[in-house]
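Two complexes come next, and they have one chain in common, chain A, joined by chain B in the first and chain C in the second.
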Partner chain A sequence: MLKRLLQSEYLILALCVVYFASMAPFAEGFASGENLGNILSAMLPLLVVATGQTLVLITAGIDLSVTSVIALASVTGAMVINGDNGALAGSGFATPAGIFIMLAIGGAIGLLNGIIITGFRMPPFIVTLTGMMFFSGFAIWLTKSKSIYNLPPSFLALGKHTWLAGATALLVAVTGHLLLTRTLLGRWLYAVGHNPKTALISGVPVNRVLILSYVACGLCAGVAAVLITGRLETGSPVHWRSSLLDIIGATVIGGTSLHGGRGKLLWTVFGVLFLTLIDNSLNLLSLSHFSTMMVKGGVILAAALLDSARRRLMGGVG
Partner chain B sequence: MPMKQMLISALSVLTAVLLAGCGKSDSTSSSSSGGSPPEGRQLTVGVAFETLQTEYWVAGFDAIKAELKKRDIKVLEAIADSDSNRQLEQIKNFVTRKVDGIIMVPKDAKTCIPAIRAANDAKIPIVLFNRVADRADVKFVGVQADNLELAKGTVAFMVEQARKTGRKHKALVVMGDLGDLNAIGRRDGFDAAVKGHEDVVEVVARVPSEWNQEKAQAGVVNALQANPDINFLFTSSDFLFPSIVSALKAAGKYKKIGDPGHVILGGFDGDATAWQMMQDGYLDATGVQDVYFEAESSVQALLDLLAGKAVPDLIRDPGFVLTQANMAERKARTWGANVNK
Partner chain C sequence: MNTALNFSGISKSFFGVKVLKGVSFAVPTGRTVGLVGENGAGKSTLMNILGGNLQPDAGCLSLNGRPYAPRSPHEAAAAGIAFIHQELNLFTNLSIAENLFLTSFPTRAGLIQNGSIRSRTVELLKEAGLDLDPDTLVERLSAGERQLVEIAKALSIEPRVIILDEPTTSLTARETEHLFALLGRLRERGIAMIYISHALNDVLRLCDDIVVLRDGEVVGSGARAEFTADRIISLMVGREISQLFPKRETKPREQEILQVAGVSQPGIVKDVTFALRRGEVLGISGLMGSGRTELARILFGLDPMMRGTIRLEGESIETQPPMQRVTRGLAFLTESRRDEGLCMEASIADNLSLASAPRQARGLLGWLDGSAIAKAVAHIREAVTLTASARSEQPVKSLSGGNQQKVVLGKWLLNEPKVFILDEPTRGIDVGAKFEVYTLINQLAERGAGVLIISSEIEELIGLCDRILVMSRGEVRDEVRCEAFDRERILKAALHDGYSHFTAEKGGRGE
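Moving on, here comes the complex of A and B:
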């Protein structure tokens, strides 16, 4: 029974439902339509970044640089398209150019991460950790730590309209899902995560697969940068600086293994939903941010323990 | 579980939430919870602070809560931990909970605009405490210390002390996060006060701290190495004093007032560290923000807005310059002197 429950695909979704039902009477306004809208719009950028993180975690890697990618992409795009002193100020191309720049920066940093990790056989943890320091420092240096405002209205619409941001997030998540379940690359990602040596012997181009996973992760962070910059109407070098734990936490809560080889996009959707529900409800309860952090830390630890328990129950190295 | 079925169920969950969300999130503007509340109902005010990382914010937070409690108003609290995205969520949550008013400390002048707009759309009056936003197309009341004037007054007092010694002074200024209008005001105040007094005070180092202790310390250590004869130091916030004092001590330059090696020290805020340094005879002056005045004015402004009275866009806290000479009489109004009780 316990084994079946732990192995269920829908464990986290069930927990979301139980949590929602049990919090609704206590947190005033939690179940209101307006609040569901808040929950949704808060989920979207997180879902997009977590999608990329899922791909990387499946290869037994990790990308800690995503928050700095968001920051750098946000300020660089905003610098070019803002109406005050941007190179494309007032141009009709400003919005597509801004989106392109943000995605390109995400993809480029992902590529760099992938090349360093595979080329020098460095642990992803240290490569992306130093990447995080470097790129967030660079973003602050670039802007002298000032936020950039006055962005084109068509660009802002991307983050402001929940349906538009929702469609974007859905597109990213479904693409990630199809990539993992329907393509050869998807199978290779799992194979590399399970055991890179066996994968290599079986003819999987391990290095290329790893590089692609980091590029995809960077691209997702670039998309998230577009949504966040649009939503907050500002390019800022400190956007999402403190959200790294949420991103990795949501993925791990969903059930994607930190040890690689196991994970699904759908699980990540549930993980993102669960973490957002916790955040939103504790906030409605007017709990201090520090208590929220303690609860979230506890939940993420519990999820990591669950991950280990699952691996043991499945009787193996996973 | 077959893959297809799983995908379909996931998509339907997401779509359901999406639809429920869209339907409502666009209609927030129609649900007015502001205006004048019926008599007798207890008011609720949401207090959203960007951070509680310095004593000043803690003192401000406590002063506002005390002021609201005194008037029997219920408080909802939210701390964003320096994250403007989280702050936006928190303000939206206040709107969901249909608070009667919001008092907010924004992260900076710009990223908070969507949050203010969310309150504006729901017709909930909003007061920005101590830090104001760019006006853009949003409406709010700001309550703020007159950073420029107060910093100018503090530095002018320091310049006067420097002139009394009859020696020329080399000055270092520690600046804040220049994305924060308060930091800009204080830097401009410093510049305005030293201007025209180049014969006594020459500015040799400007240390950007971004409101970060480590950066301030590293910057001051470097500046003292490059210019060992610095003997005039102004910091844009007192909360940086622990790092600055440690850098001064390492250079053997932390001496009491009256000692020939004394570095003329000035700060801004009037926190507990500054108060202690003042009592111990190390600190010459600090520009004290009157937290109690700011808290009272914020709450009063909200109540006035709810009652439909006209409130100015900006309420200035004049503050005062705390010096060795007026310490005793100003103690009650200096929040730093009262926080550790």
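Moving on, here comes the complex of A and C:
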């Protein structure tokens, strides 16, 4: 029984349930309806970014620039559509234009990442790390480190109403899932992650596939920027500044391999849920930021240990 | 005659399957025993027991008359058992000296004694017949030199028994000669050796005794004089293979399907011109480094070419990327199936359907029809006679070498290639699987495809091809039709001035 659970791809989901059940008596209000709503709405943007990250990790790449994409997209969109001095202040087009700008910035940065990585054969880690530094700096420089308020209510609705945000996140995740499991591009993403040489010789347009994965990842970060900006009602260059490890952590805890070729969107959903549960429960216990980080580090390490034990077990059987 | 190593009644099972069934034989001091058998006959399990990676379920080993039961590779090395593997275990980013002493750096007060490492390395390299600077990085050595460094490494533990597993697969003819001369000297020093290889001619030439394994049992053993290649093969497969090469039913057709004209790339290939007809099997012979593999890579669009044209069915393809050439019907089985032929961690089904996946994609979104793919996979598995015991979801790395090669073949056959380029298609696979690969090549030609085979085994080309091109130093030196196939003529053309160049380059070292 234990062995079967360990081998199951629902292991992380089971861990979520166990964690929830064991924390509920200690953290007051953890199981309340209101808190469950909080958990859900906190999950949604993370799920959207992690979806894109999953695609990139499957190709054996990594995208560290996603948090800077969120920041830059958030402030650029907000600068254009805010009611104080935005170019489209008060216009009926403000909301669609804001969404478009945020997605376009995400897609463009993804495209840039992809082109540099494939064109100059650079390691994705370096390209996206320097991208992160540049674009997050750029976002702060643009706004002189100030947040932008007074955004159109119809724009804010997207992030504020959990059902709307939920529908958006669901759409992104389902699209990602279908892309991976049912389309040619999905097959190619795995093949490139497994072995790019074999993929190239088998007729896979490896560079195009890689570029597309970074574009998709950037677009997802753009969608997340829309949700986050709406939920927090501000465009800010420091949105999600310290969330990079949550994004990659959630994806990897779910079981997607950093070495490429192995990963599923469902796993990422579980990873996101797990990380959000931990965050939320620790907040309820009103631990300090630092103790929260310590506990989180420990729990993530424990989950990773369990996962590697599981893989050894499965390797032994197979 | 003293016995250096004795196997007695060794048995081993995995998951209830008996892999070794009471294997007994002896390796006398100063003699070389050739261990042959098909893939899966139990050779590697036996060697893993000898090397301390596995423990036998029953039976025992003895070394120089004393019981020997290693619990780890470290214990095996301490007892004087040295392994030289098919896949070389050297760290290419380290120097020769560092590789030799990696596990046992001589130290004083915790610091590595670089001086004594250097002098000891020079000694060992000399014994192995290499005249190289100990500080040379391994990545700068040729395959043959690396093999000799491996042997120097084996000598560093002062071995009683050396086990060589397919040591010649990546060596040129000349490097092989060099290796055999060295092995002869080691034998004279009283070192016992076990030589594992599919190259039966090498085994017959080199070994004093031969042991044939089949399905975990010794089915034949004795002095070399008692064996011929045919007898070994029939013992290995348990039946007489009357013909090593299956007959093809059809003759090449008139229509030329691939036309290569004046293909040149400085320093790689020079002015290569030939045509391949539908239904024809065309061989390319030549030494390693003659430009044969490089030519194949250029034809497939993996490497650049400066001049020349390549036409597939009359259409120019030389500017197209590999993807478009695949769509047009080109297929390429490379010499390295692990690195370039397969996604080792991915499933059999995913590997089989990789090249033909675009055919199954519908619409702008590239929607895949899962059931059609599954059907195609099931069909092609049967066509390439993949082992029935493997599930399609199983990772490819769990298959034997021969079955892995069938997956690569199946992957391309699913795409119904018009021209199939195969580079060393039978390297490292056993006799039975070879025959099946040949059969598949013939079937493809019978259906009207053009086949281009590159091989180091001249017999293989003679047995399969309608025509053989012989390459040397990047040029086609000779063209031989099947009526006139002649081993000597092919070898001569292959060595034509390439030979003197080769000896000039490699000679002087360790002769």
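To be clear about the criterion, the second predicted complex is superposed on the first by the 291 of 318 C-alpha atoms of A that agree within 3 Å, B and C clash if a C-alpha of one lies under 4 Å from a C-alpha of the other, contacts with A are read in each partner's own complex, and residues count from 1 in each chain.
Throughout what follows, a residue touches a chain if its C-beta (ideal position, glycine included) is under 8 Å from a C-beta of that chain, and two chains touch if they have at least 3 such contacts.
Being a predicted model, the structure only gives us computed values, none of them experimental.
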Looking at the overlay, what does A:L185 touch: chain B (first), chain C (second), both, or neither? second
For A:V204 in the superposed arrangement: first (chain B), second (chain C), both or neither? second
First (chain B), second (chain C), both or neither: which does A:G261 touch? second
With both complexes overlaid on chain A, does A:H194 touch chain B (first), chain C (second), both or neither? second
With both complexes overlaid on chain A, does A:I228 touch chain B (first), chain C (second), both or neither? first
If you count the residues of chain A that each partner touches, which comes out higher, chain B or chain C? B
Touching residues on chain A, where the partner in the complex is chain C: 182-188, 190-191, 194-195, 197-205, 261-262, 318
Once bound in the complex, which stretches of chain B touch chain A? 1, 3, 6-7, 10-11, 13-14, 17-18, 20-28, 31, 76-86, 88-90, 92-93, 95-98, 107-111, 113-114, 134, 136, 177-179, 210
For the complex, which residues does chain A have touching chain B? 9, 13, 28-29, 32-42, 45, 140, 144-147, 149, 160, 162-163, 166, 170, 174, 177, 181, 228, 231-234, 236, 238-243, 266, 269, 273, 279-280, 283-284, 286, 288-290, 293
Listed in rising order, the residues of chain C that touch chain A in the complex are 300, 302, 321-323, 325-327, 332, 334, 339-346, 350, 353-355, 357-358, 360-361, 365-368, 370, 394-395, 398, 411, 415
